Each structure stands twice: as structure tokens, then as C-alpha cells.
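Each of the next two complexes has chain A plus one more chain, namely chain B in the first and chain C in the second.
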Partner chain A sequence: MTQAIQVIIFGATLGGVYALMASGLTLVFGVMRIVNIAHAILMILAAYIAFYAFQLYNLDPILSVFITIPVMFLVGIIIYKLFFSLISAEDRKGELTVLLTFSLAIIVEGVLGAQFGNTYRSANPGYASEAILVGSFIIPKGQLYATILSVLLIGLLWLFLKYSRIGYAIRATMQNQSAAQVVGVNVERMSMIAFGIGIALAGASGSMMSFLFTFYPGKHWEFIAILLSLIVLGGMGSLGGAVIGAFLLAILSALVGSYIGFTWSPITFFLALFIILLFRPQGLLGKKEDI
Partner chain B sequence: MSEIAVTTKKNQAKTEYKPEHSTSRGKKIFLVILLLILLSFPLMQFVAGGMNYWLHMALFIFMYIAMASSWNIIGGYAGYTSLGHPVFFAVGGYFTGTLLVYFDVSPFLSAPIAGLVSMALGLLVGLISLRTRGPAFIISTIALVMLVRIIFDNWDYIGGTNGISTPLIELPLELAKFPFYYYMLLIAIAAVYVSYRIRHSKFGLGLRAISQDETKAEVAGIPTSQYKILAFGISGLFVGMAGGLWGYYLTYLKPDIFLLIIIAAKLVLMTVLGGKGTVAGPIVGAALFILVNEFFVSNFGTTELNIAATGLLLALVLIFFPKGIVGTLKEKGKLPAILDWD
Partner chain C sequence: MSILVVDDISAGYGSGPDILKGLSLEVEEGKTYCIIGPNGAGKSTLLKAICGLLHPRQGSVTYKGEDIGKKRTDEILMKGISYVPQDRSLFPDMTVKENLRMGGYTMRDRKELENRIDEVLEMFPILGERSSQSSKTLSGGEQQMLAIGRTLVLNPTIIMLDEPSLGLAPKVAQYIFDTIDQLKDSGMTILLVEQNARKGLECSDWGCVLDLGINRFEGPADTILQDPRIQELYLGSQKRKSVEEVE
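Right, the complex of A and B next:
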């Protein structure tokens, strides 16, 4: 039992990070109906920024969010301008955009691979290998800090969406694009901002990733598959669903990793995806028409 | 819908008025000549020698023609973009490879069975994945690749991440590529023929109706679920066979070689570049892509930038050239008759 609780602690302290990773993805889907396959490779791009900021300038990876968030926001805006302004709004909903973000993922993967090679990287700040003892349980410091910061960022995102003017407009676009347009929301601009925020969240996730995981460019396929499973499980476009899905599956995969074998733990996410597709294709908190 | 109506009329016209002459005499002669050239091409080995490189290129192209044509059945005709085809490729390869290593069964015998195994897997996965449409379907196929990847990486019997080596074929060097060449040619012909037959069948018409408006297709009485699942299964058949042969040809099997999403990316690119949903498109796209890619690899070497270039090309084709070569030429009325099989 103690072992199980310990494993659950490990899983839960990763859950927040997965939730942060998935939140950007689900936001972009919610607003633009775009499944951004390039989300994870952009996370890895940000992880390289955080990694080198730590290696070269000794900048704490957690503090590097102050760099990765604005930089990746700009990257998001540039990508939006380059890729999505070229295709009509009607074509965007379909598979074309998925394939475009898929191409983008391959492009960035290739460029990162050429630049940084396939060496496994991981930033190693002091706290990444330290732990807090609570009774007989170990709480790894790095994971704890990362999850606290992640939950904080998701909370900020929620407040922003709930109470700011732009947040109102973004939510209106999420609910009904044409109706939002009628009441005077600039849907195009909101989409661009939402995409920028989504990629900025990928940037923040990248900062966490730089010291929580070992990464290399090709690693993003595993991450994107995990994140996509999470948002399908939670219901595509639902922020709450993504958070619930993230904590649930992070704990479950930690249990699988501990009892069946470490290398098997990611399979939890993919099996969960197929099981949810079988029984509830719209996901836990999703609406039927989203699928 | 109007396009369906038009094509239906066209098909009816073909089947009702000239059932035997739907393929003109000129096209038949072209096909026979092409076949003779392809069949006799390896014999150059005896005349000129040193043909191994070209035989390799040719059979590589055949393999991708077979796979892209298969992909086109679900991705082009039915409009369901699958990124999961590397799984069929890997299952086929590992099926024949394992039989060869442990039971000494020649992959030339087991490749067709490997195709059937892949097809069965396709039907099974299709049963679940094809409950969703559009983006969610694509997501489930990506997840499938990662799922199978984890299984293969952890399965010691088939070598795990290190993979397994298969014995070399026992033929002198100048003849070693012959059986692979002819076998791949056969698989490619079979795949293209099946794709052609589906294109001109009620089943194919149903698939195209699904790709245009699935709800309306269902209302019109098309058994959309069965059609989609069957299309996905058939699509896996030839990819599995090609994989079954490819592992033997390479003499080793590794998840790193077979279970790559970039393989799926190539299939999408080839098909869209040549012309999605057309019979000749995947053939043109596969041949063109491999030759161009080979040109770059031999001149600039293989780097990670090749991956980036593949992605860039895919993005450019998707945005600026979505109908592909065959589709665009047809639209302009400039498609040569030998490429017009739709």
C-alpha cells in the first residue's frame, strides 16, 4: 500500500505538467478546431532554449518560462501568419490543417535534429535530483515545483479566459464562431492570439520538460501522441477535461510503470485513447459534435 | 454531391454502353509494353552488369507505389487520412521475419499471409478508430503507431529495440536482387490493380461519397461503417506484404526502421503530390518523390535536413498544389491518356 501511495505521488506530481502541456493543445483546438500536431516539437524547441539558457548562462529552468513564454508566443504568431493565413477559413476545419501542422512538426524536427543532433539532453538544476520527505513518502522537488508552477499557469489561463475582455472574445469564438462574428468579435484576430497563447503554453511546458525529462528532437512523437490521447480522453477543446485526463493518466501510467515495467508506462495513454474511442468517442467532458 | 452525380453518370455510361472497351486499345498496348520493359529490365544485369543499384531503386519505387496506392484507398477515395500505415508495414515485416528466423519459412511464401495478418489488424483497428471522423481519426492512427512501437520495443522474442537479423538470401550477388525485384513488381501491380478495380466499383463510389459528405452518404443507404472498415483493411493488405518482403531484403528488422511516422508522411506526400483519389496519382507521386529524394541524398548526403525538406515539400504541396499532378492536369484537360484511369 505504501508503495502504491508513493507511486501515486510520483504520478500526481507529473500530472500538472502533462496538464500544462495539454492545455495549449486543447485551447488551440477549442478556438480554431485545429489539431496542432506540431505542439510537442515546439515544446522541445522551448526545452532546448531552456536547456542552453541553463548550460550557458546558468538560468534556472523554472525561471526560463519568462523567456520561453514570450518567445514561443511570437513563434506561434509567426507560424499562424505563415501557415494558416494562406488557407481559407472553410478549409481550416478539416484534415488539411492537421496535415499542415504535421508537416510543420516534421520541418521543425528536421531542423532541430540537424542543429542539435540526437543526443539525449536534460538540464540538471540542483532541485531536479533532490526530494522532500513527508513521513515515509518521498516527493521529488523538481516534479513538485514544476507541477505547482503548471497548475498556477493553468489557473492564470483560466482567469484570463474567464474575466479578461480578450478571454471573453476567445470563449465566444470557441462556442460559436459565426455568432461571435455577428456580435463584433474579430474571429481572425482572436484565433491568432489563441494560437499564440497555445504555443506560449507549449513554451512554458518546454521549460518544465528541460529538467523533468530527457529529450531529443525525435522524442516529440511520443509526447504528441500522449497529449493527443489526453485531450481526446478529456473531450477535445475542454480545458477542464484535459486537466482531469492529465492527472488521471499520469497517475495510472506511473502505476503501470511501477508494477509492470518502466518502459511500458506510456502505453497507458494510448490504450486509454482506444478504450475511450470505443465507449465514449466524445471524451469525458466533450460534446458529441466535437468528434 | 453534384460531382458524385456526374461521376455516377460517367460510370453508368461506361458500363452500359461500352463495357468491354472502357480501356482503349492504345492504353492496353502501352501497358503491355511497360510490363515487358519492367520484366526484362533486370536482364540488363547479364548484358551490362553492375545493375544492382538500379534494381534496388526500381524495387524501392515498386514498394512505395504499392504502399501509396494502398494508402490512397482509405486516404484518397474515402478521405480518411491515416498516419498509422507504418504499423501494417512493421507487422508484415516482423511476421515474415520471425517465421524465417525461428521456423525457417521463406518470406516469399509467408509475405501474402503477412498481408492478410495486416489486413486483419486493419479491420480490427478500423472497428474502433473509424468510429471517429477527421482529426480524431488521425489522432487515433498516430496513437496506434506509438502503441505498437512500445509493444515491439519491449517484446524480447522479436528482439526488442535492437531488432532481429534475418539470414541473407542464398544467391550469388548479381542475382540476389532478382527475386525481390519481381516480387515487389508483382505486389505493386496487384495493389494498383485492386485500387483501379475499387475505383470503378460500387464500393469505390460509396467510398467517394463518404469522402464528400458522410452523413448524406449514410442517408443515401451506403453502409458507411462497413465500407470504411473494409477500405482500411484492404489498405493494410499490400502494405503488410511489402513490409514482409522488405525486412528480408534489408536482412534486419528494427522498430526504428519500420515504425516511423515519417513513413506515413511519405505516403501522404506521394499520394497528394501525384493526385489524391486518382488511380495514377500515387504511382506518379511515389516514383517522382523517390527519384528526387535520391538525387538529393546522393548529392548532399543524408542529414536530418532531408526530414525537414520532406515536411516542407508536404506543406507546399498541401497549400499550393492540393489536387496533385494528375488532378491538376485533368482539371486543365491536359492529362495524357496513359495516366487517365479514373
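Right, the complex of A and C next:
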């Protein structure tokens, strides 16, 4: 039992970070109805920013969110303006955006590979290798701090969506795009802002990733696969669903790793994906019309 | 004096064919217009072209002397033209009050917005009782009231209603028509697309018959109601022919 609780603690302290990673992806899907395949490579880009800020200027990776969030927001806006606004009027926008983000992922991966090589990187602030002892349980400090910050950022996102004027407009666009237009929401502008916020969240996730995981450009394929499992489990476009899905699967994956073997741990995500698609394709908190 | 002039417009969706093919219509302030016609005649397309959801490929839409044909929906809303779509288009996970708040999205004065919402809730007491309920839990009639109420938050000069009685029980539909009468009495200009053509014409001043994307004929609503061609085509139960055949 003690071992199980310990494993759950490990899983839960990673769950918050997965939730942050997935929240940006699900927000973009909710508003624009596109699956951004480039989400994880943009997380890696932010991880490089955080990594080099730590290596060169000794900037704490957690504090690097103050750089990665605005920088990646801007990157998101530029990507939107350069690519998405050009195809927004196309009839086959859905298919085109998947291909577009797929190509974008390959291009950014190539550029990062050319610039930084395929060496494994990881920032190593002191707390990344320290732990807090609570009774007989070990709580890794790095994971704990990252999850606390992630949950805080998700909370701020929720408050923004719930109470700000732009948040109302984004939620309205997520729920019914044509109704949003009818009440005067500039859907194109809201899509751009939501995309920027989604990529800013990828930026914050990258900061966390820089010291929680070892990373290299090609690592994004593994992450995007995991993130897609999380948001499908939670319900595509549902922020609450993404958070629940992230915590559930992070804990389940840790339990599988501990009791069955670490080789099987990543498979948990994809097995969950198959099961949810078979039995509840709309996900835990999703709606049938979202699929 | 016409407040809204639709002049020879053609419009369609995406790269598809024209649905409206040189349609013209003049709307006078304070009058109620009922637009009838068979499926595919372009009734809903006309309303969308007026409110900026669709931009005319040719021709012009002029409101109070200003060409609004290329303006965005939010700009047209702020000028005083509101639209209630056929599917009601509510925000299902938002409460009744949040939906009404979204109706005033283009309003900058928050206090004025809350006052307007209170006025709308007074007009539709049932919505007041359900103000913290999510809109997806409302009945069809209540959803239609909310869709109309949401539009009224902006206190528009022109309100365009697309099939407001669609799918409603007769008693509920009657309540909606009573509401339209109320709006009419308040001096609002109304453009009404209604599948229940007789009922729609009865509460209107003017009737327009659209067919194949053009305004085939128009006139005072009571004259149209008595017109044997219209009776045969839209108000009676005889086998339907095209307008041209009847002419």
C-alpha cells in the first residue's frame, strides 16, 4: 500500500505538467477545431529557451516562464498570421490545418536539430534532484514545483476564460462559432488570440520540461502522441477534461511502470486512447458533436 | 423613407453557385416585413447577407444611406441591425444570463449592459426564473425566447427573425408571435422569415415572396394573404407549382 501511494505521488506530481501541456492543445482545438500537431515541438523550442537561459544566465527554469510565455505567445500570433489566416476561408480548412501543423512540426524540428543537434539536454537546477520527505513518502521537489505552477497557470487561464470579456468571447466561439459571429464576436481575431494563448501555454510547459525531462528535437513525436491521448480521454476542447485526463493517465502510467515494468508505462496512454475511442469516443467531459 | 435598401444583390456560400440572384428589397422604418418562399428560395441567405455573415458578390446593402455590404457582423450589429438565426444559435454551456451578456458583447458600457439585461428579463419573466440555468436545459420555446431576448439586449433598430416558430408547439409558437407583435408595437423594424406563412403575414405590414433567389413579388401583407396565387402556393394545401407556373 505504501508503495502504491508513493507511485501515485510520483504520477500526480507529473500530472499537473501534463495538464498544462494538454490545456494549450485542447484550447486551440476548442476554438479553431484543429489538432495542432506542432504543439509539442513548440514546447521543445521553449524548453531550449529555458535551458539556455539557465546555462548562460543562470535563470531558474521555473522563472523562465516569464520569458517563454510572452515569447511563445508572439510566436503563436506570427504562426497564425503567416499560415492560418491564409486558409481560414478555405472549404477544406480542417484537413489543411492538420497538414499545415504537421509540416510546421517537421520544419521546426529540422531547424532545432540543425541548430542544437540531437544531443539530450536537461537543465539541472538544484531542486530538480532534491526531494521533500513527508512521513515515509518522497515528493520530488522539481515535479512538485512544476505541478504547483502548472495548476496555478491553468487556474489563471480558467479565471481569464470565465470572467474576462475576451474569455467570454473565446468560450462563446468554442461552444458555437456561428452564434458567436451573430452576437458580434470577431471569430477570426478570437481564434488568433486563442492560438497565441495555446502556444504560450506550450511555452510554459517547455520551461517545466527543460528540467523534468531530457529532451531533443525528435522527442516531440512522443509528447504529441501522449498529449493527444490526454485530450481525447478528457474530451477534445474541454479544459477540465484535459486536466482530469492528464492526472488520471499520469498516475495510471506511473502505476503500470511500477507494477508491470517501465517499458509498459508509455503504452498506458495509447491503450487508454483505444479504450476511450471504443467505448466513449467523446471523452470524459466532451460532447458527442465534438467528434 | 427606406431605412434599409437591398439593391440587386447576388450572394452564395463559399465557391458555390449564387443563391440570391439580383434580389432587391426596400425596408421602411417601423414596419414588419414577412419574407416567404419555398425552400432554397434564399430567405435565410438574404438575412445573412444583410447582417454581414455573408458578403454579397454584387449589388449593395445600404442602411441609413451607408453601404454596409462589406462590413463585418459586429460593425453591423453596432449600427442597429440584429439577427436571430433559424437554429437559435445559443451557447449551450453558458447560463441564460451569460447568453444575454454575450448578446451585449459589442457594448462597452457594462452598467448599461446589466440594465438592458434586466429589462429583457422583465420582458421574458420565465428567463428571469431560469437566469442561472444553462441554456441547453431550456425547452424549445424558452430557447427561442432567449435567442430573441439576447438580440434585444442591444436595443436594435432592425431585428431579423429566421423561422422563429420552427419546431415549436402551437401554443408556444403563439407566444412567440405575440412577442413579435409586442416588438412591432414598440416601433421596431422587423424582417421575419416564417415557414408558417399565413401566421407570419398576419402579423406583418408587408409581404415579400422570394423564389429562386429573387424578390418575385411583394405588397401589403393583407393583399398577399388574399392573393390566389400565394394562397395556392404557400397558404393552401393544393399541389405546389412553381411561381412561374402559377403566373
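We adopt the following convention: the second predicted complex is superposed on the first by the 285 of 291 C-alpha atoms of A that agree within 3 Å, B and C clash if a C-alpha of one lies under 4 Å from a C-alpha of the other, contacts with A are read in each partner's own complex, and residues count from 1 in each chain.
Simple rule for what comes next: a residue touches a chain if its C-beta (ideal position, glycine included) is under 8 Å from a C-beta of that chain, and two chains touch if they have at least 3 such contacts.
As the structure is a computational prediction, the values presented were derived from the model and not from experiment.
Student: Report for A:Leu252: first if it touches chain B alone, second if chain C alone, otherwise both or neither.
Tutor: In the superposition, A:Leu252 touches no partner, neither chain B nor chain C.
Student: More residues of chain A are touched by which chain, chain B or chain C?
Tutor: B
Student: After lining up the shared chain so the two structures overlap, which partner does A:Val17 touch, if you call chain B first and chain C second: first, second, both or neither?
Tutor: So A:Val17 meets neither chain B nor chain C here.
Student: Touching A:Leu149 in the superposition: chain B (first), chain C (second), both, neither?
Tutor: In the superposition, A:Leu149 contacts neither chain B nor chain C.
Student: If you stack the two complexes on chain A, which partner ends up touching A:Ile9: first (chain B), second (chain C), both, or neither?
Tutor: It touches nothing on chain B or chain C.
Student: Looking at the overlay, what does A:Met208 touch: chain B (first), chain C (second), both, or neither?
Tutor: A:Met208 sits against neither chain B nor chain C.
Student: Touch check for A:Val183: first (chain B), second (chain C), both, or neither?
Tutor: A:Val183 contacts chain C only, not chain B.
Student: After superposition on the shared chain, which partner residues are touched by A:Tyr168: those of chain B (first), chain C (second), both, or neither?
Tutor: second
Student: For a test of understanding, state which residues of chain A touch chain B in their complex under the given definition.
Tutor: 29, 33, 35, 37, 83, 86-87, 93-96, 98-100, 102-114, 217, 221-222, 224-226, 228-229, 232, 236, 261, 263-264, 266-267, 269-271, 273-274, 277-278, 281, 291
Student: Under the stated contact criterion, what part of chain B meets chain A in this complex?
Tutor: Where chain B meets chain A, its residues are 79, 81, 83, 128-129, 131-136, 138-140, 142-147, 150-151, 153-154, 261-262, 265, 268, 303-312, 314-315, 318-319, 322.
Student: For chain C, which residues are in contact with chain A within the complex?
Tutor: That would be residues 14-15, 51, 53, 72-74, 77-78, 83-85, 89-94, 98, 101-103, 105-106, 150 of chain C.
Student: Going by the contact rule set out above, which residues of chain A touch chain C in the complex?
Tutor: 91, 165, 168-169, 171-172, 175-176, 178-186
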